[in-house]
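You will see chain A twice below: alongside chain B first, and alongside chain C after that.
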Partner chain A sequence: MELSTRKTLDRAFSGTGMFSICLMTASLLVILLPVFAKGIKAFVFRETIENRKMILEQFHRGDSAALDIEWESARTARQPVYDAMQAFRIELDTLEGSRRRELRSSFREVESALQSLLGPEPGSTLSPLLRNRYGQTRWDRAQVKLQQVLFREAWDYSRPGEAGTRQWIPRKQTFAGTRLEPMFDHLETKLDSMLQPRWTFYWRFLSDDSRDSHLFGGIWPEVLGTLYLTIGAMLFAVPMGVIAAIYLTEYARPGRVVQILRTCISTLAGVPSIVFGLFGLAFFINTLQVSSSKSVLAGSMTLALLILPTIIRASEEAILAVPRTYKEAALSLGSGTWNMILTVLLPAALPGILTGIVISMGRAAGETAPIIFTAAVSVGKPLTLLQTLTQPTPALPWNIYNLATEHAAVEEIRHVQFGMVLTLVVMVLILNATAIAIRARIARRMKG
Partner chain B sequence: MNRKYTRFTAAILGAGLTAVTALAVGDKIVIDGSTTVGPIAKAFAEYYMGKNPSVNISVSESGSGNGAKSLVNNACDVATMSRPMKAKEKKAAEGAGILPVEHIVAMDGIAVIVHPSNPVADLTVDKLRAIYTGTVKNWKELGGPDADIVVISRDTNSGTYETFETLVMKKEKMAGKTEYVGSNGASRQRVTTTPAAIAYVGLAFTEGVKAITVDQVVANHETVLNGKYVLARPLYMYTNGRVSDTTHVGRFLNLYRTAEGRRMIEDVGYVPLKN
Partner chain C sequence: MPDSRILNVSRDLVLSRRASQIQRLTSLLGRSFLFMVTSVSVLAVLFIIIFITRDAFPFFQIRGFREFFTSTHWFPSGNPPEFGALSIITGSALVAMGAAIVAVPLGVLAAVCLSDVLPFSLRQVAKPIIEILAAIPSVAYGFFALVIFAPALQEHGGIILTVCLWMLALPAALLAATVISDLVVAGIPTSRRPAMRGICWLTLVGGALFALVQGSGHLLDLTISSGTNALNVSIILGIMALPTVVSVSEDALQAVGRDLREGSYALGATRAETLVKTIIPAAASGIAAASILGIMRAVGETMVVWMASGNAAQIPTPWYNLLQPVRTLTATIAGDMGEADHVLGSARYHVLFAMALSLLLFSFGSNFVSEHIGRKFRSRQAGG
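The block that comes next holds the complex of A and B.
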């Protein structure tokens, strides 16, 4: 081959390599950037006075004296709204039949939109549901709700045989000439003083319980549940996996049986995770009855099964990579096999074994399918250590899915959903980074 | 003597440990089942835990069928279902030594939902069946725009699916192109994003979509209770055996009869029973 051809081929090859790396980085950015950009909104956002009130009443944090002062000024700003509503209620009864009916149904919509924006009207009976006790806690959501008070969404179906078109009809027009009319302008201009938005850094999103199915509060039960499940899975999988790897490499006689065993383990690694989930339900819960209902224990065992092959294979590779001379030196000095494994082989193989653990830890934290039937629930309290043996828990991967698909008010709580995604991604990153750091340190010490 | 003493100590220790464990673990109520009843179960759970902080109530929404299976396997305390238990399930329960007791907690009307841009405002039950069997394929045939109907249904594990099958399909099969989704929320979201879609959901899941009238009757409090809305149905909670009012499960279940419980049922979007 000519030199120029070889050079071109060489360049083409390295070019393709660079391209695929760039592509990978780009797609990673495309995935990660929105996760960060949107997820951060769960932590940093403009909170309204309703949020401060909710936090004080539900989580007993905050300065109640300062809130009283703020609340007083917010109430003053809101009073004209409630006055206009009261005046309109009286006026409504004096209107003639058809106009009254028309305005009454529209007024009901205004009432409910206003309640959702500012919270219940003073003097009304409180609903047992938290979502009806507070107005909008976030300024961005408050803007959306304001639009719903100011405009009515109507669909124009006048063109036959075609899809309707959306129209926003200003309610001010509907209520023109009534005593409610000035309320809309007042609301639009004074919403600031009614809700008193302020930037906040809500780091307690991580450590607060969720209230009223994730409409308020944080995600602590999910975070704790994920930690329990991951650590639990490690407790089962790491000892079993490493011991199995030692057996396969040091004790088992090489031959057909070991070959078959290895194939089985590799096959196990390729089994879809939902199969593990169903197996966990059928075996751990229905047959062995490790717990009467779904539980963290059953979920951890299922996850452990899922990551076991990865740990076994990684540990095996790591052990096989330890130079023969290390082993021979130990044995020639009179050490027994067991002693040699503990004092020479395992320490030397530790970095490789840790890599396997790192990879599987990230996987265990993020898996959804194995825990659907064995451990995860949509709503529950954070568990104590003892409770993990018998009780199910919410967990990040499952609750992200649950909020995205099953929740009745998805649009209201997008920020919670993205906050959960961000937390899960960061948790996995931290887990991995820690383990990588430990690994680097051990490797350095080994060389040292 | 010595051995006796040891045994005695062990027994005391054991009993103490059990007691401490029980105290530390606290009481739990595990609820599994319908995604339709989910909002009620979650609201009740929040309310009950607020009053009884020592109790941990966990709620899963995996479908009525899974709720029934869970109860039969004794894996939950309360199974929420949007359809009554089938004879087959009752028999399985009997075989497992479980006695399912039915509690009707609220009423619901299965709302037929379409995208708000869809001009179709009413469908008869027959037309609805025609859509789901695939005989009617285009919105044009129903006075709508010229667009192929995207038919969304719940999966067969769902109680809403089974109710719909009984009340609307009347033993006819759904068309092969029907798209099956796993929850009420998923049905709703599919419709909000697809202008030509049609789906059916529980009354609590109609935000942001257009619920059309069925046989000229709108689904609301009144029509569901007086039976004028043909797709009305009760929502259930099942327990193993009769539960006493002194237990947490019993008191939790009684919530639907209280004023607060009725208010919550109404606020999440369903219809509380008549007093």
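The block that comes next holds the complex of A and C.
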């Protein structure tokens, strides 16, 4: 081969390496950017007057006098819509048979779409379901609903053998000539004053309860549940992990027993997370009966087993990285082994151990499979500390799954789903950033 | 006569027999306490095996082994129920294979780049990226796969695949053309070489471009009926397995040591030649262990496959057709347990434990193999 070709190949080889690292970075960005961009919309969005009303009535926050004034002007703007509907209802009875039937079904659609856009008509009875009591709380969702009021979705199957194409037919055409017709234009132009959108920073998304299965409110029960599960798992795993690491590094003599211990630790690290979940169900709940059914306690124990190997390994590495001279100096001063470990070894290894703990906290917070059968429920109130021993809890990872796949109104609450993912990812990223920062400090200290 | 203070001190230093015994006893107690805590992980492994097997056993007692491993009829709630898990096992294998195709080449290349090519400062930047990739919770990956990637794949799948094809195949084709034309002209006289090489290169590149255009034409016509399919899951699982593959193979590459590298450079090899012919073969067992760990992660992953694989218990036709939905062991356990929980003791409940047992055995097996390979690799490194 010629030298130039060899050089080209060499460069190409380096290039492919760089390419794969770039691809990795790109995939990280592709995954994280949409989560950030859309997740932030759960916190910062244009709220409508319906949202302010909902918050005042459900969470008792906000200025009721100011709301009354706003509400008055919103009602004035809405009145023509309701007047037109009322007039059309009367007109409907005067129409002849076939046209009446056709218009009536179409009018029902308009009615229900309007109700979900603006809330219940004044004077109607109060629905027990919260979702029927308020209109759209978010301006972006209100736009979607407006579309549903103004247009009818229809499928065109005129070309046989091909998939149908979707068409939007303006309802104004359907109702042309009736007294409802002007309502559509009015709605389109005056929606602003009917809903009075305003930018808001809803940081209480994190600390509010959810209402009517996440259609309103925040994600506090999930956040709290995740915190409970994570901290509970750490309470079990950290002492066990650090003690095991001390034993393995300071006491155990190499031999068959240690070999078995190490094999088991690495085996435990390789067990699929869903198997941990089944084991937690079969052992902690069905056999040991730490609680009668799912509970935070059982979930924490399962998670603790899952992260135990990580903590053992990290602590072991941290302890081994402590210079021998520290140990020897302590021992030569007359300290006992145990004393040496407590006063010299562990403090010196602490940053390294912390790194491991922080990283496995992130893992425990994000794991879903182990808590499906042991701790998680879809809907629940925030628990008190004592209840964690017996009660299951909602948790961020499980509810992300649940809301994204099993919720009745998946599309309506996309912002909640993204908000939850963002919260979880940010939690994990903060933990990891802490770990990276601790490690950088250790590296600096080691350098001198 | 000795100073009384010295006497006192020496009395403190020399323990009485009793005190020494007590001390030995406490130290023994302490040690055994430490040992007991350490063996929790052994107990955990043992209990996991025992409890999963104990609940899996009744299934095989009721239904036998044959149906589970050979039939593709999965109707656990049918009447009569059928428990053929073959298609589910193939589903797991298929997505794991797809993930390996994504993760292993990318991961090994990235590891090589991290350990030998990038300067130290850039490496410090790249490392946290890999760590973050590893830290993102699996449910976030699953959410991304379901909510963002699946619709994109469904609507613009052809374009996405075409772009990928060009991105991967075009540089590879250019490189291959260069090398092949170089090899072709090696035998002819020097004066005619450049011209011949140019002709050869142009023909090869032209051919490759023609093939690529043809191929992308086919890809663009492709209609993907559902974005939640094996391809989607394979790509996401591949990304999730990348950090494992990268960090373990980088460790293996680092462990090879300077002397081999320097020896190769001294013989006049370029960096690529050194890496491909010397370092990667020397680290091959470590890289193999890394790949096994990566595949293990993909097989054991639950949330991504549950959310985005389509959950259809079928073997795709043909079997390598990644564009069809599949169902995996982990997703079946997670999805069916909610319903099976009420019928404790039925085959429907125990079949899920049988699946968990298969997963467990697979993970034990691959863990054992990777440990074994890793140990051999380390001892060879230590022995020089």
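As a working rule, the second predicted complex is superposed on the first by the 407 of 448 C-alpha atoms of A that agree within 3 Å, B and C clash if a C-alpha of one lies under 4 Å from a C-alpha of the other, contacts with A are read in each partner's own complex, and residues count from 1 in each chain.
Here is the rule we go by: a residue touches a chain if its C-beta (ideal position, glycine included) is under 8 Å from a C-beta of that chain, and two chains touch if they have at least 3 such contacts.
Worth saying up front: this structure is predicted, and the values here are computed from it rather than measured.
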Partner chain(s) touched by A:G97 [first = chain B, second = chain C, both, neither]: neither
First (chain B), second (chain C), both or neither touched by A:V421: second
First, second, both or neither for A:T287, with chain B first and chain C second: second
First, second, both or neither for A:G123, with chain B first and chain C second: neither
Which of chain B and chain C A:G177 touches, first, second, both or neither: neither
Partner chain(s) touched by A:P323 [first = chain B, second = chain C, both, neither]: neither
Partner chain in contact with A:P254 - chain B first, chain C second, else both or neither: neither
Touched partner set for A:T390, first chain B, second chain C, both or neither: first
Winner by number of chain A residues touched, once chain B and chain C are compared: C
Chain A residues contacted in one complex by chain B, in the other by chain C: 372-373, 405
Complex interface listing, chain B residues touching chain A: 21, 24-26, 28, 30, 32, 35, 38-39, 42-43, 45-47, 49, 56-62, 70, 73-77, 116-119, 140, 143-147, 182-186, 188-189, 195, 204-205, 207-208, 210, 260, 263-264, 267-269
Residues of chain A that touch chain B when the two form their complex: 127-132, 153, 155, 157, 160-166, 211-213, 285-286, 292-294, 372-373, 376-381, 383-384, 386-387, 390-394, 402, 405-411
Interface residues, chain C side, partner chain A - complex: 27, 30-31, 34-35, 37-42, 44-45, 47-48, 51-52, 54-55, 105-107, 109-110, 112-114, 117-118, 126, 128-133, 135-144, 146-148, 171, 175, 178-179, 182-183, 186, 239, 242, 246, 270-273, 275-276, 293, 296, 299-303, 306-307, 330, 333-334, 337, 341, 352-353, 356, 359-360, 363-364, 366-367, 371
Of chain A, residues touching chain C in the complex: 1-2, 5-10, 12-21, 23-25, 27-28, 31-32, 34-35, 239-240, 243-244, 246-248, 251-252, 260-261, 263-268, 270-279, 281-283, 287, 305, 308-309, 312, 337-338, 359, 362-363, 365-369, 372-373, 397-398, 400-401, 404-405, 414, 417, 421, 424-425, 428-429, 431-432, 436
